[in-house]
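Each of the next two complexes has subunit A plus one more chain, namely subunit B in the first and subunit C in the second.
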Partner chain A sequence: MDVVYYLIQNMLPVGIPLLLVALGGMFSERSGVINIALEGIMLFGAFFGALFVLNVQDSSMGAQTILLLGMLVAGISGLIYSLLLSFASINMKANQVIVGTALNMLIPAVILLFSKMFFNSDGITTSKSFYIREIPVLGQIPLLGEMFFQRTYLTVIIGFIILAIAVVLLYKTRFGLRLRACGEHPHAADSVGINVYKMRYAGVSLSGILAGIGGFFYAVGVMDGNVSGHTGVAGFGFLALAVMIFGQWKPIRIMFAAMFFAFLRTLAYSVSLIPFLFDLGIDQTYYKILPYLATMVVLALTSKNSRAPKAEGIPYDKSQR
Partner chain B sequence: MQGNNNSDKPKYNFKRITSHPGFKSLGAAFMAVFLGLVVGFAIMLIASPGNAISGFRFVLLGGLRRLGDVLYFATPILMTGLAVGFAFKMGLFNIGASGQYTMGMFFALYVAFMWDLPGSTHWMVAILAGFLGGMVWGFIPGIFKALLNVNEVITSIMFNYIGMYLVDMWIQNNSIMYNSSMTRTRYIDAGVQIPALGVAGSNVNFGIVMAVLIAIILYIVLEKTTFGYELKATGHNKHAAEYAGMQGKRNIILTMVIAGGMAGLGGAFAILAPSAIAGSSMTYEPINIIAANGFTGIAVALLGNAHPLGTILSATFISYIQRGGTLTSLVGFKPEIIDIVVAVIIYFSAFAMIMNSAIGRFIKARLGKEEDKPLLEIGEEPVEEAEPQNEQETEKEAE
Partner chain C sequence: MENYIVEMLNITKEFPGIIANDNITLKLKKGEIHALLGENGAGKSTLMSVLFGLYQAEKGEIRKNGKKVTINNPNDANALGIGMVHQHFKLVEVFTVLENIILGVEPVKSGFLEMEESKGKIMELSEQYGLKISPDSLIEDISVGMQQRVEILKMLYRDNEILIFDEPTAVLTPQEIKELLQIMKDLAAEGKSILFITHKLNEIMEVADRCTVLRKGKYIGTVDVDSTTKEELSRMMVGRDISFSVDKEESRPGEIILSIKNMTVASKTHKNNAVRNVSFDVRAGEIVCLAGIDGNGQSEFVYGLTGLEKLVSGSISLKGKDISKASIRERSASGMSHIPEDRHKHGLVLDYKLEENLILQRYWQPKFQKNQFIRFDEMRNYAEDLIERFDIRSSQGPTTLARSMSGGNQQKAIIAREIDKKHELLVAVQPTRGLDVGAIEYIHSQLVESRDAGKAVLLISLELDEVMNVSDRILVIYEGEIVGELDPKETTTQELGLYMAGAKRNTEKETGHAGE
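Showing the complex of A and B:
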């Protein structure tokens, strides 16, 4: 039973960044823009979030306050970086995949350059611990308390709050309806007076905010508050894209998909703690490959009747009919 | 950048040149390069204002000191560039060149260490093995795309990771190939290394000759064969190609296999290159990092407009500024500055064509008023064309 607790406690901080970034990808693609730059935006948000933490970690602020403020910084930086994608793909009608790739390549180089020049390292190392041993009251609930509210991070609770907001925003507001219309049939949306360009800017910006926060949460929950330009976010931005497709561009399904991948990854990294798996004597590398391989299997099974937004990836041109 | 020869060309000549699509893409490439360098310089100014100018001079001119090395480092990225560009002609975005490159490198290494072959056939077989390794790793995304409709971008990214982890594991578990005290692969015998071209102080080797020949062959395949025609037709309009009776699925798989093979050859050329120091060779360090040459290949392909011959030029150019970039460390910068420049170049090359045509219309509208004034500032040399355009571009961006 301890192993189960351990796996769930470790799965959640890994799953939350995936969830947030995949939700970001969902908003962007639902508005009609493929956001392959999620990986880069995550790293950008993580870098500035960690930079903020580095600057205030010695002040008298509490760890959780710093976390919340860092989240804000990361979200704003993610938003700013995503504007580069919006500008190129919405105004300049550029190939969205190419622009996304460029943005992904740009950030590790910038981080390495500045970190090497100013910190003499490959990234940022902070010393603040955001770990929570037990959340008061909630942690006392039998069974569930130990699974979800002990040995955890604040990021987990925030992640689920954001999920709830995302569901309401996408399905219960006028904004959500318009956003979805722009991803399915932008000309129809335009004909009833919706500004497609604005909605797409909104979609990409939301994805920028969420990916920035997701990147910072990755740095907090997975990397212990550190950011490295070399390993970056270890392909989480790309995994999030796969999670989004697996989740069929729907928030709740995305949540389950994210947790599924997080579970596999946690399993891969804790093989030595599980006697049953350890005794099998399989090379650890195979477990590391497992999340990527599972992605492929899942995509192979779901892509045939994929429910992708119809107009995604196609620049909107008012004059085309 | 260079001295201009402002000769007054006759008007008909100018029109013939500018209306050619090759000229337009060349103009777009120069535009993207120019903007990339401007941003690179700006970042150098932010990072270290005092040294920015001397650092930037290294970026621009540093490569001249090591032309042999420019060609040597251009070899693998020319191959990965061809891998990305060839698939791009069909409308496939092969972001998996890294994995294919790593797989090709491993296959070549395996033959180099584990097989015993006589004399000069050994390195040739090793290169062919690299080709095969890359083809295998290109085949998988091809199958996924053609038969299961999985987006090739996601597949190839996933297989970048899978390939990298597998190769690192295979190497670490093989004591003939892996020197665990150095955490690197052992040195390859001189007999398996590709013959050097004999440029003093440089590792430039026969690989670059083969790479250029392969680029020319790809050009012929694309322009002169039925397969090349079908490939481009599918890239232009998938549905129309299908309707005309072309076998889309077979072509997708074939394209990805060839593209993978190109990247695999790149890996083989890189690892089998001779070393200037006697008794040593190139080595590979399995540290779970995705090969950078694969991603540079994307830049090379986009800058070369996915045209095999353009790719030769762009690979040489990117290798040239990379050589200059390593020299910037003399004045306190880091070679990563070039990765920034390259990323910015890709960013702009994604819409440089559109930008240029907008500017072209702008200039025409301006000049149309003054009827008989020939287009003086746009000469035959595209370098000088990119610059005046750019000033207007910054105005446009500001709007």
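Showing the complex of A and C:
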């Protein structure tokens, strides 16, 4: 039983960044813009979030306050960086995949450069610990308390709150209905007076905010406060894209997909704790391939039935019929 | 002075290189159905787009109830009570009917969508006007006819009183057309004013009160429908007399060109076979028409015949050569020419130039290729020759993008390509769909000419008039089977209709497939 608790406790902080970034991708693609720059935006958000933490970690602020403020900083930086994608792909009607790729390539290099210039290292490492041993009251709930509210991070709770907001926003509000219309049939949206450009800006900006936050949560919950230009976010941005596709652009399914990948990753890193796997005598490095291998297999199996928003990737052109 | 609800006065709208609307005036009375008639490219859609706010006119003014108004976008039009059913529906396929109707004017309660209230209002409207819908179905699951009713409800839900219908019947089956025309009459009786863009004269004669005719961007005139005739209207539209019957000599069938035996083709949408055990021959020098109501296996039959789909069983031979398993290129090279049903999907590469589209069937021949390179000079000469001979009109000649051409001229390009290529059999699938009378006349004459040149012609058509006028022999297809063979000279439209509806058959029912 302890192993199960351990796996779940460790899965959640890994799954949450994936979830948030995939939700970001979902908002962007539902509005009709492919956001392949998630990886770059994550790293951008993580860097500024960590920079903020680095500057305030020695002050008297409480750890969780710093986390919340860092999240804010990361979200805003992600938003700003995503505006480049919006401008290029919505206003200038550039190819969205190319712009996204360019944005992805830019960030690790920039971080390396600045880190070398100012910190004489490959990145920055914060020393503030955001770890929570046990959340009062909730942590005492039998079974669930130990699984979800002990040895955890605040990021987990925030992640699920954002998921709930995303569901409501997408399906229960006017904004969500219009956003989805723009990703499916922008001409239909336009003909009933919806500003397609505005909605697409909104979709990409949401993805920027969520990817920025996701990047920061990755740095906090997975990397123990380290952001490096070399390792970046270890392909989590792309993994999030896979999660989004596996989740069929639907928030709840995306949550399950994110947790599936997170579970595999946690499993891969905990082989020595699980006697059954450990006894197999396979080099533990091979297990670390698991989440990435699973991505390929799952996508290969599901992509035939996957139904992406119809108009994604196509710059909106009023005059085209 | 009469009372007009909308007046469009001296509207001029130019596009680079072309004047789409040249000083056009259109006046709409309250409660009337006003048809707007013209050939493809006459400027009807442009004029309506100006009224709906999609384009702004350079000159002229629009008045509503006598007062001058400016319409800069669809929102302005909507605020003035102007709604439009577009030719290509503007519906989100994965949304429900309800969501599509309220999109853009969604009622919200404390920030959240409030669907029940609007559902009530929509169902009321639906009953009041006899517009049957199922509000919670997805658009992708409902018929084209219902999609159109959704579009109409979209306008009614917004309390629009001026309704623009842009070629609404082009995508409908005869039964659905009948229903739609009745709905339009009901709407007009309720006080709605309707602008009806079309090039189908029968429909105008049936429902419209008045008709304004445009030709090549110019205003020709407005007439009362009661005091005019189809002939008069078509003369105004085309500028010359049009014959509604096809002039042709008696056919002289020769040797068998196409022979189909027990052909069965699977369906993509359901488990049963879409085409079941079909056998027939087509001879040189005759036009055989495969008639039937849409969705009875015609499309799948053509896919099987032309190689777009594999056969489940059966054989096809062309001039005695078995081509049942041949590739599309081989079939084409053996003498099969194909004018496809969907000219955008299977007929043209829309983002290629006209000249490139014209050599799609032949680019690999030595005439157009040397050392693996396209011979661009030959391509240009050939394209110019075809454009001249088949009168394909476009803004930039051979270098025009296919996408930017009008439907009629796109079709002419396909016909030019397929007829000019060496062929023994011409398969024409709904070749006149969505085209105006001038273009239809032209295409029919091309089919007859092809026949008289000793080719076998297989025409697949849904239009009863076309079936009766053009063909030498009619085969009726119903639920994937040939249920009748008729002689157009001896049968009547009514009888043909009975066969098409499955109420009558004169071929033996096959029993072998009962277990399929």
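To be clear about the criterion, the second predicted complex is superposed on the first by the 321 of 321 C-alpha atoms of A that agree within 3 Å, B and C clash if a C-alpha of one lies under 4 Å from a C-alpha of the other, contacts with A are read in each partner's own complex, and residues count from 1 in each chain.
The criterion applied here is as follows: a residue touches a chain if its C-beta (ideal position, glycine included) is under 8 Å from a C-beta of that chain, and two chains touch if they have at least 3 such contacts.
Keep in mind that what you see is a predicted model, and the values were worked out from it rather than measured.
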Between subunit B and subunit C, more extensive residue contact with subunit A: B
Touching partner for A:Val110 - first (subunit B), second (subunit C), both, neither: first
Which superposed partner A:Arg174 touches (first subunit B, second subunit C, both, neither): second
A:Gln57 touches, of subunit B and subunit C: first, second, both or neither? neither
Doubly contacted subunit A residues - partners subunit C and subunit B: none
Residue ranges of subunit C touching subunit A (in the complex, touch as defined): 54, 73-75, 78, 84, 86, 88-95, 99-100, 103-106, 108, 111-113, 154
Residues on subunit A engaged by subunit B in the complex (per definition of touch): 36, 84, 88, 92-95, 97-99, 101-103, 105-106, 108-110, 112-114, 116-117, 230-231, 235, 238, 241-242, 245, 283, 285, 288-289, 292-293, 295-296, 299-300, 303-304, 306
Residue ranges of subunit A in contact with subunit C within the complex: 168, 172-174, 177-178, 180-181, 184-185, 187-194, 307, 310, 318, 321
Residues of subunit B touching subunit A in the complex: 43, 47-48, 93, 95, 144, 148-151, 153-155, 157-159, 161-162, 165-166, 168-169, 173, 289, 295, 298-299, 302, 332-334, 336-337, 339-340, 342-344, 346-347, 349-351, 354-355
